[in-house]
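What follows is a structure written as structure tokens; I'll ask about it next.
In order of appearance the chains are A, B, C, D, E and F, and numbering begins at 1 in each one.
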Amino acid sequence: MNNPLTHFNEEGRARMVDVSEKSVTERIATAQGTVYMQPETLRLIQEGRIKKGDVLAVAQVAGIQGAKKTSDVIPMCHPLLLTGVDIQFEEYPEPGAHGLSSIGITATVKVTGQTGVEMEALTAVSMAALTIYDMCKAVDRDMFFNQIGLTYKTGGKSGTFTRQNVSEV
Amino acid sequence: MNNPLTHFNEEGRARMVDVSEKSVTERIATAQGTVYMQPETLRLIQEGRIKKGDVLAVAQVAGIQGAKKTSDVIPMCHPLLLTGVDIQFEEYPEPGAHGLSSIGITATVKVTGQTGVEMEALTAVSMAALTIYDMCKAVDRDMFFNQIGLTYKTGGKSGTFTRQNVSEV
Amino acid sequence: MNNPLTHFNEEGRARMVDVSEKSVTERIATAQGTVYMQPETLRLIQEGRIKKGDVLAVAQVAGIQGAKKTSDVIPMCHPLLLTGVDIQFEEYPEPGAHGLSSIGITATVKVTGQTGVEMEALTAVSMAALTIYDMCKAVDRDMFFNQIGLTYKTGGKSGTFTRQNVSEV
Amino acid sequence: MNNPLTHFNEEGRARMVDVSEKSVTERIATAQGTVYMQPETLRLIQEGRIKKGDVLAVAQVAGIQGAKKTSDVIPMCHPLLLTGVDIQFEEYPEPGAHGLSSIGITATVKVTGQTGVEMEALTAVSMAALTIYDMCKAVDRDMFFNQIGLTYKTGGKSGTFTRQNVSEV
Amino acid sequence: MNNPLTHFNEEGRARMVDVSEKSVTERIATAQGTVYMQPETLRLIQEGRIKKGDVLAVAQVAGIQGAKKTSDVIPMCHPLLLTGVDIQFEEYPEPGAHGLSSIGITATVKVTGQTGVEMEALTAVSMAALTIYDMCKAVDRDMFFNQIGLTYKTGGKSGTFTRQNVSEV
Amino acid sequence: MNNPLTHFNEEGRARMVDVSEKSVTERIATAQGTVYMQPETLRLIQEGRIKKGDVLAVAQVAGIQGAKKTSDVIPMCHPLLLTGVDIQFEEYPEPGAHGLSSIGITATVKVTGQTGVEMEALTAVSMAALTIYDMCKAVDRDMFFNQIGLTYKTGGKSGTFTRQNVSEV
């Protein structure tokens, strides 16, 4: 009887799964996440972009580099020759019931290879979120990240996966 | 008039803030986050730990290494000589209203230095969460992360910060 | 007359050998090594795995990440898209003539590419051995590593290589 | 009752040990190891140094960089500001009973800090040995490493440790 | 008789110089360099900043991260806890005698430590220049870098060094 | 109307360009650069190579490793499986009109892939130049780098590019 968690060998120790028999296909993955913050914090980010100090430009670079570093920072991830990485930010200044504004982050990663890029997309979102926190923490230490998850993947044996929104609890 | 986002120079370009005048103090930071998953996924993780294939042991290593890599992956973070990193997992098998189980991640990082370790604690939590996702994605692609944020910091000019829970939206 | 050490150019300076004319084949390499220690040290490792503190789980992660980092740490190694990495530990509690117990480490690495993965397998073994040392050095500073070498490789122009044991001196 | 393997927390999970209470002292560590090879292989290395293609110059660089990368590749190692790294090679062309020549590697690492540099010295030796293997494997795939261990350390609470030779089995 | 190139040991092999006896002082270094390009290329960079696609914002991040990576990429450099990194760009749209426009890059790095940050400042300039090239090479493959050198350093035994301009040949 | 700087998405934010539709071809790039120094400095380098302390052997290793690190240090560069890297140094002891000697650096990089290796060749030259500076700065802080640029590339849709010398200003 196999362990359904395929990342373990017969001794129950972690391994980098053997994908040498998998076929090389084009694979795409998209992940999302949201950074919640005080409305004043978002206002500073928006002003900075126009005038001086573009927080999201730095977060963009961090997210793209994060995608490339995935196999270095996530222990069982395979190295991959990413063919494209893009990150989009969407700003929600209007405070919700909780009184907070937010920035939505969407990362899309492409590869032609034997394994998918879900982790690369999720790592890109996480790094972009962490960088936003880092650059604004002097004014808003209470920022937090929610709903970081996969929203789309295609390619590979398991086919296409889609969901509208990462579920809220 | 200064930009309250201190990570920018007079030209409005990002910089690594000059902390050379800050005093060297002991600094501690704690961050938290939660990974939501199907109850069956948590059951597999728990079984694996006992019998074969300890997901959280790998996530623990990834989180600790993530803390050490923070200044490499977050562009404006200062390099720091971390003196201690610890990560705790708390398992919540009982499904909530949403029908999901969860694992809470808490990372605590220490340093004696001129700048704090908030980002190191947050990065450790993010890396541990990503690794849990990676190792269980074959059985549960819908896993997601919520409430990743800072819960405690001490040391440095801004003093001590505490909150009970990272706010839920 | 050529230098039989192919890693040098005509000026006698090191180069990363040009493999662009080599054919892409599936390649596998296995390397081994042994960590010698006090019987009491091995007993602590074995107890830890059952109850608390699994040294070999951390060494396993370090070995797998080491395989992925090979082209970063060994100057003339080519970057490769490893398709699989696995590590096995074998415990020998029975002290030999020298009064020491030991742990055998075996790493197997796979790739489909233009150059082999001997160095990746050897680096994985070395990193796993170093991590065992690190985690036990507080109780046994005299631990040492022996017989680290290649035991098997296949694929590529030079064909298959096998040996039973890395020679003892 | 504590786990004598201090790298584990109360839950039995790995941690980077808290050294924040340790005093800052000057610390030095020396490690050794031996690479065994065919006499002809050593002859090629020696000729190369004189005429063209200095294997040991590359291994030297790899060893020094390896010392600096230790906290990146060994999961529970603390980052440290190494103040000095040096590596010596000693050549033994005269074949032993086993008919093999050898190169001895000695690495010495210094730091002023809260934790020792044993792992940095051992990692430097391992990286230098791996690089020698890499650069000569085209002519001698049977090379192997023996007796990699610590021979000296000083500084820190546990004081000075010395041994003449890493024990042979 | 000593080798005036202090980076070599008695055997003539490279080493990371022992700085453990040097005193800890505040040290600052500034380096400069110039990227030459077609006037049209500079125009595109300037337009991008205002409207869409800020090349220099990416180069800024690359330069800052480059400063932090110096001890990883320059073999004999000591690891250092940089306390500040800043980069300035100056644009010269007016074509010179040669018909080219240019961007001047100035990087300033600070540390409190036992060795200087000249290499960190020079690495920051080089990484920023390379990133400008990368992002504009689709429109101007002939871009090149000139006069990359140190313009200022202070702190440490050798005192203060200043020059107006990196010499032109 | 498109931004001719293809590294930006529709929002004007940086992206790693999507090359998934590009064909896989063999690609080669060559870059050059020159390090200017006092005649006495070059004399020390030349003596060192013969007798003790080979500066250029270390620079060679740094350049080759730099080529492999390109996608890690240049934010929008794609990861690539380099199949070959070689670096040549040419020494010009005869002082020019300015009274300086120089070392020319030429790096050639090969890949079979979907995007070119211009950045890898330029990064290799930059890292080699920085390493020469590092190892000689104790005797000649005024060294500087000039004419770092691309001299040749082939493969890919844009075809072959050649120039005799990187233009001097």
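Operating definition for what follows: contacts are C-beta pairs under 8 Å (C-beta built on N, C-alpha and C of every residue); 3 or more make two chains touch, one makes a residue touch a chain.
Just so it is clear, the structure is predicted and the values come from calculations on it, not from any experiment.
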Label-sorted list of chains bordering both chain C and chain D is B, F
What is the chain whose Cα centre is as far as it gets from that of chain C? E
Mapping chain D onto chain E via their CA atoms needs a rotation, nearest 5 degrees, of 120
For the interface formed by B-D, which of the candidate pairs B-C, C-D or D-E is equivalent, sharing more than half of the contact pairs by residue number? D-E
Which integer distance in Å separates the CA centroid of chain B from that of chain E? 33
Calculate how many whole Å lie between the centre of chain C and the centre of chain E, each centre taken as the average of the chain's C-alpha atoms. 38
Inter-centroid spacing, chain B versus chain A (mean Cα positions, whole Å): 15
Multi-chain touching residues of chain C, meaning two or more other chains, are 11, 13-14, 54, 57-58, 61-62, 65, 69, 75-76, 79-81
Can you work out from the touch definition every pair of chains that touches here? A-B, A-C, A-E, A-F, B-C, B-D, B-E, C-D, C-F, D-E, D-F, E-F
What part of chain E is in contact with chain D in the complex they form? 9, 11, 13-20, 71-72, 75-76, 78-81, 113-114
Can you list the residues on chain B that touch chain C in the complex? 54, 57-58, 61-62
How about chain C: which of its residues touch chain A in the complex? 26, 56-57, 60-61, 64-65, 67-69, 79-89, 110-112
So in the complex, which bits of chain C are touching chain D? 3-8, 11-14, 33, 36, 44-45, 48, 51-55, 57-58, 61-62, 65-66, 69, 73-77, 96, 98, 100, 118-119, 122-123, 126-127, 129-131, 133-139, 141-150, 153, 161, 163, 166-169
